């Protein structure tokens, strides 16, 4: 349980910070302005990626700041979950950074799935170009018509039919669906409703140009379309893919999902904490620069108390996330469920709270696009829902706590 | 302190509810979809008002549901602040309704200013068409370069020069600046920095086509541009208007502002509570309709406790707002400062909290535009800043409390 | 819904404030010191009432400040629930005051029960001496062995046997059981477990010297024994009283309880808000008098924001309590269940919060007996449990809210 | 930053748990009942220690569970702050345990002071018997007449006069002053008001039987006198002790205090978290055993959400305390100020919150002495004030945060 960053981590961290400062920060505001012009719902099919992204990705790859999330020493950087955590935090300072370092969701999770569970052919066809950053991918899990917080509600079906499987259903909040480079989705669906609870679902690779796949629209989160990625709603109508596209086997969906979500939640949470540090920096900056009633805002009312509470909240959340990461590394995600759920509740709420305070100090500017606070707020607010809403994670924690007493 | 609605209020209330249900609700979702297409910053000069607005305004006027906010019995409905409060709440159920009944900010506040302080000529030229709903107006107060929470920071100048006054400065968050019918702004600025604190500022009527007036852009609030109204940033460069355009006299700005803000804050807060009731309705609806883990969401975890807490919060805030309204009617806004500040803190925070809970129950839909929750959130969040941020109002309340002890 | 105090209320209020200031405040600290010497559990049978109490009661009665809670114009002051509410608040400024004015729980509730439901004989025997303040009484409801928040759990039985009823069971938290003048208890128990839910219970008058009644101990609440009243645990072993001691008839217990709890909760809540005002006064006083880091404590950190939040919380809670009182007067307690539950949640929590803040400002003195804050804290904390814990009241509010949607 | 407990820690931890379970838990409830009989203020001079304490201390010492807090390998267990932290937590499960293992405040802090700063003679005379558990000691810091949160307010003087120093002043909240074995106090006072801020104060050893030392009374904290230790108010009137009783030299008081408070706060916070675990256990127990409305309380309303939130809060606080402990070990308390302040805010507040929830679930029993919750509450509430109130620690954290920006 040694949370001191390893030498490798420290070296990467330093280089990431420098890369972000020199290459990403200077262009970021302009990048978002360009992307925001792409916003309107109707136009998403013509979204393009600002060319600076490809340039920076090439530069990052060259600098060896690439695929750091992948525990494989050859394909990635060979870092443990705990070793990678501080790097995810640093990337969280910038909304663009994760993409530049090829460490962006949902690609990271999809790459992990393929790395751990993919067949050789699947790896060659899909993992390799993802690792090179040449294509992007999508993960289709949430459905609009049912409470997706309860996985047993899932309606999309994945049914074997000879050498093929047939996918039927509707998914939404599939991040990246609007991206021009998005080539395939990993779709989760119901294969056998009568199987034991954790063997009912399957995951299958579906190229987005397969007949029957219709991307219907992009969804805004608090008004943010997150172009050129987007969060899409997609209809699968009798979509047929070869059986070889099933990941693992039919019925393995739940098992794979669990493995996928462990490190993925660490990444999300650490990025959220990086974003919270960014928001706190903005709070401090505004609080020192802006004068009212003859004093910098920081010196007024309870603002310094807020600083203390935010610092405490962030530091506690970071340590808890390190702890969950360490536990994943030690005993696997399945035995770290309560810890993963704990950070999934804590980190987005900390981010939401810190951003809300920063917005208040910025006044009108805070709710505009002149500072990136509403973007960070949207990230926080959506994250309290995505990958399981707060309520589901609280229930998991309580269940694990209760089990301690049952054992006694 | 009789909070029982008067017969007149009850009658108007019933008719407003019916009008909204029959005429506004059915078209509202489509209206917002149309308006949202107008969003992008660059395009605001071509914003148009969906024709349904003019139709509904005519219908509302015909039905006598018009200018209800104005205490004058001939020009308006002759209702006291307390009598109007429940009507503002009802209008708050819908983001479009206030406009339809010609009770929309900032026109209401501007009409009040002209009604109470305008010269006959000003009334004829500006108040009459506003009361008819033929034009719209703007209020220019907040400035981007200083903490506008502290009025003494204001930099825009309004200086006499012969028969004219000259306005120079920059304002933003001027709501309605993007509206095609917006014809003039009431601008607040500094006339004499050496005068006693409350006699330094002036208000002046500035037609928007006056040379030197440049509307630079529309600002998004949490991604919402609120087309076709918009919140604008505007530059006044040596703008000259005749002295007759000054409201009251030079130096009267602060006095007028205080009068303007009293009833206006009641309106804002009651609309916020109407919106909170709407959000609670959505919470209840989703909580009953959506099933997870074999139960309606409402029956899971602490959701019913949340219902209780939200009901308590809304009911308390409403009574406090009635109290502030009553006090304004009894002793005037200047002697009700603490009460007005109290509701200005409470109501938007209640709305933000209720909306946040409703979003959580709606999951992905909650952060999208499929339900109006993020719009309501933006209203709440912006309102915690507009018309004085929470911190300033808390300071006012504390000051009044402190004074009780000094007197002893 | 006119919350403006009536002329009668204003007159009583003024006289109460003066009486408390002149007669109670000067002796209060010493009174509590004397009472606290009576504390130890073992000694409660020898508790005596400091003689000053009888003197002050006589004086209050002479001044006509007596039985103000009773709606009867002859026996009491003929005030409505709403009219009495502000008087209960004033009495709440002092922990001793309610006793002095013969408006102390549980006597007030017991007197109301006898007034509304007692037979002529019961009134003559028990109500008359209570109204004169010659004896005190007890209400036995809560039981130690079951969750008393759920009335259907109640185990104490009240069974008819010829001309008598037989009471068997154990009760605790029966306030006043240690008082030397306590003469009888109203005991609630189960008569017929098979009757419809609301007709199973009965209330019966039990003189405390009846054979089979054993007072076992006095209970401390946060270390406070509240001598010479005390909160007792009492055992009823085959206790026999004549059937005439049943209030109303067998099976009427629930109906009577409901009527008893309505106004009683208003009294409790208003006293709690009076106590909160007292705690806020102490906060303000300490905050102005005590200097740290060169400034009065009030000027440090977020303390003035706390003042604002406390002022808002108290004012909102008061208005909500007035509203509940008004509704009880208008439509009866049974139709004001949600409103009564709302204040029962709000008022004690507001008191707890305000006292907690005041304690913090007083530092070490705050947790000692040098200021009455821990006493007020104990009142608040116990009140969140007594008369239904927060959770039960939240459930009631949610149930009523839900019913609105079912009706639609 | 390896928070994995060392083998030594794990071994001690296991043995402590077993010792507490076998020897302390069975007698604890009775011990507190006996001690509570000692409560009344007037009687403290006759307080006696229940004989079981000496028996258990002997047993613990024999078992090698003795002086574990002391980093010295010979005199204590040679554990680092981080290694000792989990042991302090375990001791926190029981209010009596720290005494039994000779790890009780303020003796621990006093022993540390003597160990690090005492002269050989001081060590021989005072440290040795303390280490043997033969005597007890007191620390006199807080004063009643000034805001002791601001050390510059301190009024007690320690002035050199020939071969002696003279102590004059009043102290209170001096824990242990009522204990029959208390032999001396370490008194902090002002020596030179004109010296640099951190060289004005001195610490001096004062035998309690020195002429001029008058213990005036014991103070209750939320009604708890904590007999036979007590929290005393003591007057020093021209008290003379030889100069050799000064610890370090005159003017070293502040430096010594800082060193004393670092590890001491870790101990306090870890014990608080142990107490929070205890309270959570009680919550779980009651929540499973008690039935209302047909279900165990845990299954009702938001109670399971509360379990999750409490588990998260405790786990986060523990990790943060480990972090602060680690930092003290690495760089010393002076460079870990912000971290120490952070846990000093967090841990007592977590304990207060968890205890408050547990009380609510226990209902009437919760506020009584039938369960130890109000005792734990008193500990939590007092700890938010002792060793610097929350506000002072928040200010420290903000100051350190601010310094990061000044450096840039």
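Note that the chains take the letters A, B, C and D in the order they are written out, and that residue 1 is the start of every chain.
The working rule: a contact is a pair of C-beta atoms (placed from the backbone, for glycine too) under 8 Å apart; a residue touches a chain by one contact, two chains touch by 3 or more.
Just so you know, these numbers come straight off a predicted model, no measurement behind them.
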| item | value |
| --- | --- |
| Most remote chain, CA-based centroid, reference being subunit B | D |
| Self-contact between copies subunit A and subunit D, residue sets same or different by half | same |
| Separation of subunit B from subunit D, taking each centre as the mean of its C-alpha atoms, in whole Å | 54 |
| Distance between chain centroids, defined by C-alpha means - subunit B, subunit C (Å) | 44 |
| Whole-Å gap separating subunit A and subunit B, where each centre is the average of the chain's CA atoms | 37 |
| Residue list for subunit C, restricted to those that touch at least two other chains | 301, 304-305, 391, 394-395 |
| Residues on subunit C engaged by subunit B in the complex (per definition of touch) | 1-4, 284-285, 288, 298, 304-305, 307-309, 311-312, 315-317, 319-320, 322-323, 338, 341-342, 345-346, 391, 393-398, 401-402, 405 |
| In the complex with subunit A, residue positions of subunit B that touch it | 37, 39-40, 42, 142, 144, 146-150, 153, 172-173, 219-224, 290-293, 297, 300-301, 303, 356, 359-360, 363-369, 374, 377-378, 381-382, 384-386, 389-391, 394-395 |
| Residue ranges of subunit B in contact with subunit D within the complex | 301-302, 304-306 |
